[in-house]
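Letters A, B and C mark the chains as written, and numbering starts fresh at 1 in each.
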Amino acid sequence: MSVAARLRLARGAFTLDLELVVTVGRTLALLGPNGAGKSTALGMLAGMIDLDSGSIVVGGRVLDDDSTHVETEHRRVGVMFQDYLLFPHLSVLENVAFGARSTGVPRAAARGAALEWLDRLGIADLASSRPPQLSGGQAQRVALGRALASDPKLLLLDEPLAALDVEIREEVRAELGRHIREWGGPTILVTHLFDDVVALADDVVVIERGRVTQRATVRELVQAPATSYVSRLVASWSDD
Amino acid sequence: MQRSARRKRQGFLSPALWVPAGLALALLGLPLVALVVRAPWSQLPELLAQPSVGSALALSLATGLMSTAISLVLGIPLALVLARSAQWAAVPRRLLRALVTVPLVLPPVVGGVALLLLLGRRGLLGQFLPFQLPFTTAAVVIAQVFVAMPFLVLAVEGALRASDRRFETAAATLGASRFTIFRRITLPLVFPGVAAGALLCFCRALGEFGATITFAGSFPGVTQTLPIATYLQLQTDPDAAIALSLVLMIISAAALVSLRDRWVPGVTA
Amino acid sequence: MKRALVTLVAAGLLLAGCSAAPATQPTPEPTAEDTLTGTVNVFAAASLTETFGAIADAFTKEHPDVNIAFNFGGSSALATQIVEGAPVDVFAAASGTTMKTVTDAALTDGEPTVFVTNTLEIAVPAGNPGGVSGLADFANPDLSIAICAVEVPCGAASKTVFDGAGIVAAPDTLEQDVKAVLTKVELGEVDAGLVYKTDVLAAGDKVEGIEFSEASTAVGKYPIVQLAASTNKNAAAAFVAYVLSPAGKKILDRAAFGTP
């Protein structure tokens, strides 16, 4: 067991109570409609939102519990944000080298490691480009490289394909899946797209209105949807 | 494609707005035109060659740059506090904003008196100082910072409010400390605002008169900046005063035109 | 500062056309033959702020239908404004040179009359912390000294005084007008300043005056004149006459102005 989290939070009428377990080398999808609490859960895992109670343990290290709260910058939880949030004033190479530079790695070493990552992701030729010049697919790869280059112990993917045009999603999604499997660390995918789940995830946690409504492998989910929300997703997916 | 489309959209300007816009421009521009037309061009080299002009100009540039530098070092953090004060309770938040804005509305002479009451020989703090601050070049810089820093603070604060804070979150997930985030993300992202604010601040400091003459006094080479020299010249030799005003105008215009064009597109492109 | 504020408020009341007379002191009935009405615009040197305010008070008690509107400021700035066409009925300057700007432009109605004189006096903060005793102390570089810049009338007068006495002054600041010198003395920022007698008196307890014999070499003359472009000639003439009258002189005397 490499990641275990129990997330509890109450904000007015909304309550979130969620248990997540990710084993090494597997990708867990957090699937749910808008407003189910997916983004909140992601914020809690990344240390941006405090838990009311519960705990987060990553690779045997306690990030949150009743007496602990590790700040975002010390959690080693990598995030690939929905709109990537590449730093517009830095080159692609500097973006990817940013994590290492921030933790004290000398400039040349950080850039060398960043270039290796760009090479591995097949975008070494973009090293000196600026983020505004990139296509959506390219930006996504840079964002993935930036997150992975900081050597995270948990990778969070926040709606990784939502910012892309529908026509190119399929190709980018396949590519993303390949890179994540190559990386091999524990990954949590937050999405409302069933296609993402099928292509990228091994296990699924379905949340609706802050509660877990189904916990299954992708295959089990397709075969036995527990709620009407999942049934509709599965139905519209098999129609395609 | 996108850029030309945007430009076209900006092109929609109601003709009705041209009239007030033109009047505004005339009000701002014509007095300067008058200054240029009435300038004693033939005597200009002679007037400007006076050693007193050179020393006033050098003092103005030196103190203006110094106070802009101080305003940057102190004003940017203040702008951050101001921008983040949105989450504060209403009273301290408004109080903070009022404090920053007061020097903008206060007659500079009153600002100068206030500075004397604080830092003068018998001032609240000044009485404990081992040296006398008024009538020194340092006092000129303090008066300029008092009057000009709000321009920088408000410009940077506006840029900070408009900037996307999620970039800071992204930097934090990559392991960057708060200061690293400030230095490598927050500050570069608001650079156009900082540059514009610094320019406004410098130009305001350059033109500062009231607070300076009240707090720092006026002594050639020490505290007599170009605006003060201009004012004194106006008493006896209006032609020389116009010549000095031209110098001030040209410096400010050059700073505003050249630096803005060089800095801003480089970041927004 | 407080005094200046009071004066300002009083001037504001006058401008607004209100009677500044206290309620307990009823305004005398206007005499039947008084036909003076309207507003008289008076541009006057800043050093006349208090006295002209009082004179206007007394004048409008006799002529309640007349409103005296003041513009106090540096004499040369006022002269510039008049030459540039400001609508003025009466101009009272703090020096003959500034008045000359206006007479040279042929804007006056007759010759200006010198109505008061003013002499320089050493002003020191209450208690005289610098131990200043005479004009010679102005050469002491260890003392903090404020005088007027030579470009303005009080500075020109100061220069005459120093030159006459053979003293090389060591000022820390050359101020743009006499009130600015006075402010620095009042706040104790300087050990001594050279101002007019009237200013020392007006500053009250905060400032002490020290007379010096060399002052007689630079007596400031205050000329007053009616302007040709005046739109209210009768009232303007009456105001000028009032300033020159014994009643006006009494108010001016009280403020330590000298008789020409």
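Simple rule for what comes next: a contact is a pair of C-beta atoms (placed from the backbone, for glycine too) under 8 Å apart; a residue touches a chain by one contact, two chains touch by 3 or more.
All figures in this text were calculated on a predicted structure; none of them were measured in a lab.
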Category of the chain touch graph - line, ring, star, complete, other: line
Farthest chain relative to subunit A (centres taken as mean CA coordinates): C
Per-chain Cα centre nearest the global Cα centre, belonging to chain: B
Centroid spacing, where centroids are CA-atom means, of subunit A and subunit C in whole angstrom: 79
Centre distance in Å when subunit A and subunit B are each reduced to the mean of their C-alpha atoms: 45
Approximate Å spacing (C-alpha centroids) for the pair subunit B, subunit C: 36
Subunit C, residues touching no fewer than two other chains: none
Contact set on subunit A toward subunit B in their complex: 46-48, 71-79, 81, 85, 87-90, 98-99, 101-103, 146-147, 150
Residue ranges of subunit B in contact with subunit C within the complex: 113, 116-117, 120-122, 132, 134-135, 213-214, 216-220, 223-224, 228, 231-238
Residues of subunit C touching subunit B in the complex: 1, 74, 76-77, 80, 144, 146, 149, 151-152, 171-176, 180, 183-184, 187-189
Subunit A-touching residues of subunit B, taken from the complex the two chains share: 164, 166-167, 169-178, 180, 184-185, 188-189, 191, 267
